[in-house]
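Handing you a structure now.
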């Protein structure tokens, strides 16, 4: 982490113009409503890198992750893992791909089958993919359990015998079982106590350096993302409004929304009573997103153009891009 | 012995009946139709006999007497009957009854009545004048007049125009000449009868179904109450004045309740019917084995609770039907000898097939007898099972000889032996009696010139019946009717007679 | 809303088709036919066959089905063989007693059950709670025909407070009407009452542990207001579901109760029609019952919407 | 907020938890007694439940016939014991058949939306269909065999099981671990069979115990309407019906089978209620709290709740 | 303490009986809140924060719950009040806001009804007056077109709006003390900022004391003047906010502060971990409750429970070793801040 990766190599995962609309049947069978959960999102993740995705609830972070794993079918867009086109893989190849991409979920309580011993849950991915003999799988389960800080005996316990943080560690072991290259972490620590959260974060970081894993790390807690991510994408109402290396984003946030977001985080020390700018209003409904720039309804700098024209992504400096009309000139000049 | 007797002492102090009032009757089954020509159903008979009258009817000794006919003559050769109609008889719709109505009614009855077709071969009714009707037959019949006086399906006389509009399910309007007219029929709930004010009946003394009909009551309600316990509870609390179909086990209960008494009516004969066409009982020996093993008392007690409600008697006719009574063949009756029965099984062709006893819980007596039969058969090493269905299913299933071997059923009293459907092969009654001897005997009786001449034949018929065993006649039975004490003059002959009933206020 | 209702009503069509086929086959494959019922026990097979032919019952089944269902599609359910009226008329002539019975039974059940359920929920774990739950268990354990008979024996025969059986339409006076319906309604409602009481209790217990109940208490409201105003309305949805479901089993229940108490309602009509194989009437009644059932459920779903503003009427 | 501490539940605890649940214990004992009595009937009584002795009909309870005799002079005690057996058999078989088929229908419709549309429409139709007609017809078409009564009742109860299973499965289906399995490439068989199925078993079992009780009652009602277990087999329904006709003069024919049916159904209902408490994770949480003094989440989780009782 | 406290909690113990034994969810907690003061209560999940809050309002079922100690408000012990008197305190003198704004509002009544209900109850106003007041309250909390919102059902509002409604409801009778039980946990950062801002404003306009329960130390840092740290039902440290952040004495507080990733300053490679998980109560009944996880634990910690000691003026701590930790550990605990 925090290593200055030079992205000379090909990205592990490349997402181009990903769009996902849900059909919502509220109202009647006759008229379908589209929930525009993800709109034209593009980013890449490199090997050994952590890409953080932040944004308010409902901004489409989880949907992005789920679509990548083909848990939801994309509306349009492309995604390449290594050089495999994720969205057009036939089911057999898809199954093979799934060995390389795993997921860790937010809620440790519902992410393990309560009726199955944790050893079974950890071994199940291997069973699905027909890996190893029973004996080998057992060995691997023990190995994994030890790697996340348990002993082999824990394999015979049921999930309810574990606390939330412990379950989250089991979830990690399960995700590691197939030796994936990329793990989508959907808010893996949001449900945990502060003192447990640090245990999990440390574990994730250790594992990354050990196995050269890549993470797509979804979270709404900015300090956590700042801690773990190399690059960060900020989402607002389905749009990736800003994308930058972590330090750059925190020191020079460009998009007004990012600025507000950072300002909203309370300072961690009483002496740092910072002058906060409070963002007014709520995030609009993704059923009827605003025209033009989706943020213009809450943006104090909104101009006439923002209401009509959707801003395009502008690369302001290397690796730092933003979707905002305020920077139209600067992008042209590229002098930021 | 009289046909009915009321067990209370009310008959001793006879007072003049009061006119007026409403009689509420709890009756177990709703009639499928009120057209008396169509059906042998008792529910139909019991209601429609108040609405319709016949040319001929029965007195309490089961003798044929004229009713709507003033008189009638039978020609020497027995092939022509001439009926002189009573004049001034009006239908409930106000129209006077004329010969055309009678002819139309009788023709319609003939076309549906199994009895009529079987016993009045080639019968032809014709109008002589407005008040005279002639019936011609191909062959003379000793039982002809009895058939015409049949109680169900009975040839009630109705207006011609009503008959002209009748469909396959019978007439649509129920108009007769009887003492009560139909006010309203609310299917499954009640039949409401009203006094027919223009009733022109006979003036002779009431006797059985004949004679004077007083119609004291203003209204009669037949209320259809299917649940026995509810009928019993209802008569006990006075909700009803008369309740039919009282379970025999409740007789003492009724007797012990103030204000209600039991009334026993002639219930006809009760029988086991064998399937003689197919299956184990097509073997006469096995039928005899069952009959020999049977303990009649036990069977009848199971069905009718105690000896008050049945009478052991081997004859096909009731003791009161002197013309037809005969105890010939009684040595086969109630033998109750298991050993001999087992021997008979040995002699028969029976080799362990399962005997199917078809029955229904809709009629508890039938069911109880079926249960007894099963036990009896078991005791002589015959393997038997019960097939219990609802009544319509039983009715349909028993038309197929492969569906059953035995069922128990009772038959309402008939004026002649011929009217029982189980004797003649041509009747095709389930069980399919196929005995040329019995058919011959029935034919000879019909052809006999007089009752006296027929007497020995009747004896032979009874004898033959007990040998061939188309059925087993278990005995004569009583129906149990509960009557409130304020109901006076209740009588019964093959069904209730209500036109002389009055209510004390 | 209107669209939603339309949608639900349209969903009737497949249900009705399923029911129509099933009921038709069931009835027609069942032995027994109206001809032999009309002609009586001793009728000859020939005359039965003749009447069958005249009634059109000897046609191949599919022909009978087509002619019947064709009629159904045009709204004509056919004519009853035994009742000398159309099926629709026959059905509606019997609706009133069953409706009265069902409504009264349901009212009795709901009133008793709510009372008991609330009591049990509020006094959870106490003797009162256990007593209520015990009684409601008993309520589920006694066959209704037996309960009906006991009620007759005690209230009608022994005490003579109420009539044994029968029915008086409302036109003969409300009191008379109710007098005759009271016992059967109790017998019919007992099971429902037990089920609803249990549901009330558990649902209320669940709701009483909700956060907004704490909020209500934190406002300083009286416990009574908390329970009756804030909790009950929320607890009512699962109760309503049970009420709706018990309506579904009502016809079987009514068949038994109407037989015991001799009430000329739909239950009795169906039983009697089965007994005499009044084909068109059975088929028609069942279709009408199905429609009623679906509409009732629709009504209940609409009620959900009234009770709980969160429920948008587009589930399913 | 999730407390972060391991929770240990000793293995033997489950059994103790079972027997310390008063509902469950009482229900189990009642049902065991009833079952035992019915199984041991041939040894407990020397009377044949079918042997008729019409000369001794309707005799009140005595030393010879401790429950008296019925209208055929049959021993009521023997009949009640055998009746229990028949009723238990019918209830058990109906529960089993409708349980398995209902489970299948419920799972399929929860997982495949096409199945859902078709199967649930059929279930709706069945639900609105008077069970009595179904039973009478099936018995009339296929013959009055105990088996056919079982079939008829099973069909009647499939929809109610299917609904319960379906709604439980829909909840499970949304759980993250199911999504996780899909993410790992698990097929529908694995997901439905190995993961959804075990998790819908508790509501299924609870509903099944209710169906068990109700089917015994319905059989009794069917007997009353003439479509139940074919007599003379002594089902409790048949016995009650026999008794009903002579209720004025032979109370013992109603009271004994009546008491038995009530006890049995009481037992089954207690068992059902008890199982619900026992299987409900929320009550598990409560018990856990007792063990550990401190527990998860807020107080609201601690409240016992019984889930739907639907019928 | 210059002012007389608004509320003083003395040795509050809340006991829940369960079938196998009693649960002391809150065990001998003492603290006080002055008027216009915001006191923060922090601690891990399940440590008894909510139970403390609800005990002050006496919201538990009193047939089964036992309270010990005293809660002095306005000179009277709330625990001694009759139920009826207590009802007039609830919502009137002391109000509470819960964590989850969705489940805290009754879903079947409009928010207008729910606010007006409390006003009508305590201020004896008529319905229309109460509604008018409700409108005022809603606009006070920054809700736009409040007249219209009055007729909205809770589910029609967003989380932030609902929490504003909850605040309006809590403020309806101008309470002297507002208990806020994790009021922003369920909300997004931008909304959280709005709500915290609002509470701060209202505190000064309405001059009330606030008891703010949270597990988020940053929130405490921004909002509170004094902090109480709880662990397993006990208060383990109490200090004014700056002291607590700069010189925490208790190892748990220390660990907590160190294990949070920082939003500012240098990103460190590895976070501090408090080892292990919260133990069960019976495991620590005769010891310091933090000892199983404490890096400083010695024999004494495992054999006898420490008392809450006054380490310096207004700084209380429950630890056998706080002096040593203050001497070296405290110094080690330095956070580098780069002003933003």
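Details
A, B, C, D and E are the chain letters, set down in written order, and residue numbers restart from 1 in every chain.
Quick note on the criterion: a residue touches a chain if its C-beta (ideal position, glycine included) is under 8 Å from a C-beta of that chain, and two chains touch if they have at least 3 such contacts.
These are the chains along with the protein names UniProt gives them: A, E = ABC transporter ATP-binding protein; C, D = ABC transporter permease.
What you are looking at is a predicted structure, and each value in this text was computed from that prediction instead of being measured.
Steps from chain A to chain E, minimised over paths through touching chains, total 1. Two chain pairs, C-E and A-D, are compared here, and A-D has more C-beta pairs in contact (counted per touch definition above). Distance from the chain B centre to the chain C centre is 40 Å, each centre being the mean of its Cα atoms.
Here the spacing of chain B and chain D, counted between their Cα centres, is 48 Å. Mean C-alpha position of chain A lies 90 Å from that of chain B. For chain C, the set of residues that touch two or more other chains comprises 30-32, 149, 153, 210-211, 259, 274. Listed for chain A are residues 163, 165-166, 193, 195-196, each touching two or more other chains.
Under the contact definition stated at the top, the residues of chain D that touch 2 or more other chains are 1-6, 136, 140, 244, 247, 299. By the touch rule above, chain E contacts chain A in their complex via residues 44-45, 158-161, 188-194, 196-197, 215-219, 221-224, 241-242, 245, 255-256, 259-264, 267-274, 277, 335, 337, 339-340. If you check the complex, the residues on chain D that touch chain C are 121-122, 124-125, 127-134, 136-138, 140-141, 213, 217-218, 220-221, 224-225, 237, 240, 244, 247, 254, 258, 261-262, 265-266, 269-270, 299-300, 303-311.
Listing the residues of chain D that touch chain B in their complex gives 50-52, 54-55, 57-58, 71-72, 136, 139-140, 143-144, 226-227, 230-232, 241, 244-250.
Against chain C, in their complex, chain E makes its touches with residues 54, 57, 59, 87-92, 95-96, 98, 100, 103-109, 117-118, 121-122, 153, 155-156, 166, 169.
Residues of chain C touching chain E in their complex: 210-212, 214-222, 230, 233-234, 307-310.
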